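Two complexes follow with chain A in common, the first pairing it with chain B and the second with chain C.
Then we have the complex of A and B:
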């Protein structure tokens, strides 16, 4: 019964979330359409104005064109990733109005899951046409995926990674059961995730030891690797191997994050006194 | 001015008491800003392994630029973190107390949340700035001390001006959270030297939008990236901008009605 009811509730929550984000036009344009565009585009300006980067493809893979193309695709794919501002859990705990959700006959996680579905569908509807248009208009700076298979590999990693981000941010928000205020923790985590995921600086500009260290983290497989996979600079066999490796890494991360999120949530609920500040 | 000073002192006292309530938050914020500094430093250190300069800025110039950026950010965290709460407070009609208006409404509201932990970060930022200036090949002399102090003042005034200016947008489009978006945009756009956007882009971002007032103006004045006449112009422009944005906020505040949403 629950197996049928919960997915229906998630879809219902997603529809309501969609109505909410489209309610205010200025906010919708700025927060949904132009979300996450500024930082990668600023990096593009930085790279364009830098002197010293080779124009063509260099032996070590570092070139102006590859770095800029990487950042342009990051600007698109990063929009798909769930982010901490999509959740209000910490505020709800701090102000004490999460109590009402505890009395409702469905798991609280239905609401974040509904928002995740809404966010993913809406951003897919923005990213797919934008990528198609840009890769037709400026293919040298915004390369299209090598083929449909590479596109699938790339997007599947981004979406699986996005689910990891949901669990990660949910856990950090739930720390408000103990810490009351967690916005600094969230900002800190976001900055580190952006850097580890190659969303601030193209990985080819990072030292190899740093790249190897970041490859243990889920943000790396959420963005840095999918963008490189989509570009198709490697052989099909190597790409398939990387995709499987990414999927395995993200799956392990997801299991770990589910366990942590469930533990933090259950322990936090037991501690929660039901009164706000 | 005296009344503003007394209120600021009171806000500082309240901020210290508040911090006694959330002790973990104290360390969390200090670490958060250190991560912010670390990410920026790593970004440029990695980038400059592959490039000679970015829009005419060498690695030494950028280290000094980052010092001004960190200081400007720390000033915002010490005094102006309440600006991030304006969209919600406006929506919920929480600004009634500001209506009493014993002083400028912008000052009364935006400077409300003094942050003790950000003072620690301001010290770290100043430490980085002094180190970067000292390590810069062009060096420094004691004669530049007044310029250094003036640049610090400009940074604070520029940050206050821009954040106040962005906050006024909230009174026009309630519920859009535009000020928050603009502030985030400012963080992204302004943490690189504005010269990367070309001459017109730089002029737009310095004098029209005017994000450059926050830290670029001080950095370029200190490093001599702008001529003497532009340095004078910036020294007049930034304080004027602050006065204008505070006045604009006071005007826009008249549109506020309790529970606007």
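Then we have the complex of A and C:
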């Protein structure tokens, strides 16, 4: 029964969320279409400025073109990753709007899950044609995936990692049961996660030891590795092995994040005083 | 018969931090924060049977909303028990939650940026309402609350009254057995208030729903409830049938006398209140303005007292009214404070 009911509820919540994000046209374009594009594009400009020459060397044996191409694909794939501003949980806790959901016969997590489904489907509908178009138009700056299998490996890791980001941000939002500085915490945590995931600086410009350390984190397998997998710069066997390793790492992270999120939620729930009601 | 709602020796204590004023206070709070315990509810006993319409009133901070939050399982009790539909309120299962509803007058639960109908469709899925029932109820409720043509309008473009009506539709769509309404008429105009009151009374009578209405507006309570619970400083001050209060209402009259402004040099009318036979008619002076006086007097003695007023005072105008419920509530509060 639950196996049927919860997916139905999540789908209904996804439709509801879609209605919310499309309520205002300007908000829709800014938050859904252009979100996450500014920073990678700024980084492209930074890389080009740092190199001094359009086709020069950006780092030790790394061409500017490969670094820029990496950032362009990051800009596209990052749009698929769940964003902390997709959730309203902390606002709902602060302002007491969450109160009524506690009296309703459903697990609250259905709403964030609905937002996740809505966000993923909408961003896929944006990213797939955008990537196709850009890779046809400027293939040297926006390379297409090597083939369909590499594209699948890459996108499946991004989406699995995006689920980790949902759990990560949900936990941080739930800290609003205790803290009044959740937004600051979210901004700091996001910057750290972006850096670990190679979304601020291409991994090819990082020291090997730093790359090895970041490979233990879920952001690394959510974006840095999927971009490299899509480019197809390694053999098929090695790519398949990395894909499996990525799925295993992300699965372990997901289990850990589920446990943390559930603990924080349940403890916060007991602490909740329904302020503002 | 098992009560639908039950509170037994219910107590709730909130722990709040105390911050002293000024820079020193700020620095102290950074190093060692002081905490203070605030008792919101103290030993509350309450039993509500199926189909009752209970009014819950009290001053700000009396504990009304805390009681609602405890009974609906939003927050856990510090001690004592709160039970809803036979189960501990803080551990309600989906089976009990689907028979419960909560309306908060100060907190809209429908999404601000989209039409109410979209949120209703989500509620249909959450409460598993069959499509036929959903359509029938939605159309019926919207017609009764006069908002049929507003269902597809963005919530932010509706008036306060229309928004509250949408909240009420959302709360009743799943045909709940127990409904809590926390100040549903706050800030509404008279027509909207009347429409909502009528809707609630009809629903209570037709569907047998148990309704707990929290309000600062005694008129709301008088127009809808059969039972009244008055809270003061976290304790139940009065709990009883509103008809019983009605007997006290009909047993008392409020007489307001407007006096001729034949003023003395000081500007105040020359009155000899000592000449009034207050004791003889068991009357009490309950208010005094510059040119007016108000008395409360037993109904049986009001006629004689009016004659005495005309005999003793320069009466320009006089009105006799049934004593308002608000007066009685104030009296109960005053008695409670005296202990």
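One rule holds in what follows: the second predicted complex is superposed on the first by the 263 of 277 C-alpha atoms of A that agree within 3 Å, B and C clash if a C-alpha of one lies under 4 Å from a C-alpha of the other, contacts with A are read in each partner's own complex, and residues count from 1 in each chain.
Just so it is clear, a residue touches a chain if its C-beta (ideal position, glycine included) is under 8 Å from a C-beta of that chain, and two chains touch if they have at least 3 such contacts.
What you see is a predicted model, and the numbers here were worked out from it, not measured in a lab.
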Tell me which partner touches more residues of chain A in the superposed arrangement, chain B or chain C. B
Does the superposition put A:181 against chain B (first), chain C (second), both, or neither? first
What is the contact status of A:104 with respect to chain B (first) and chain C (second): first, second, both, or neither? second
Figure out whether A:42 sits in contact with chain B (first) or chain C (second), or with both, or with neither. first
Taking the superposition as given, does A:273 touch the first partner, chain B, the second, chain C, both, or neither? second
Answer with first, second, both or neither: which of chain B and chain C does A:24 touch in the superposed model? both
Would you mind listing the overlap between the chain B footprint and the chain C footprint on chain A? 23-24
Note: in the complex, chain B contacts chain A through residues 22, 24-25, 28-29, 31-32, 35-36, 39, 42-43, 46-47, 49-55, 173, 175-178, 181, 184-185, 188-189, 192, 195-198, 201
Residues of chain A touching chain B in the complex: 23-24, 26-27, 30-31, 38-39, 42, 45-46, 48-53, 62, 179-182, 184-185, 187-188, 191-192, 194-195, 200-201, 205-207, 210
Chain C residues touching chain A - in the complex, by the definition given at the top: 14, 65, 69, 72-76, 94-95, 97-98, 100-102, 104, 106-109, 111, 113-114, 118-119, 121-122, 125-128, 154, 182
Can you list the residues on chain A that touch chain C in the complex? 5, 8-9, 12-13, 15-16, 19-20, 23-24, 95-97, 99-100, 102-106, 270, 272-274, 276-277
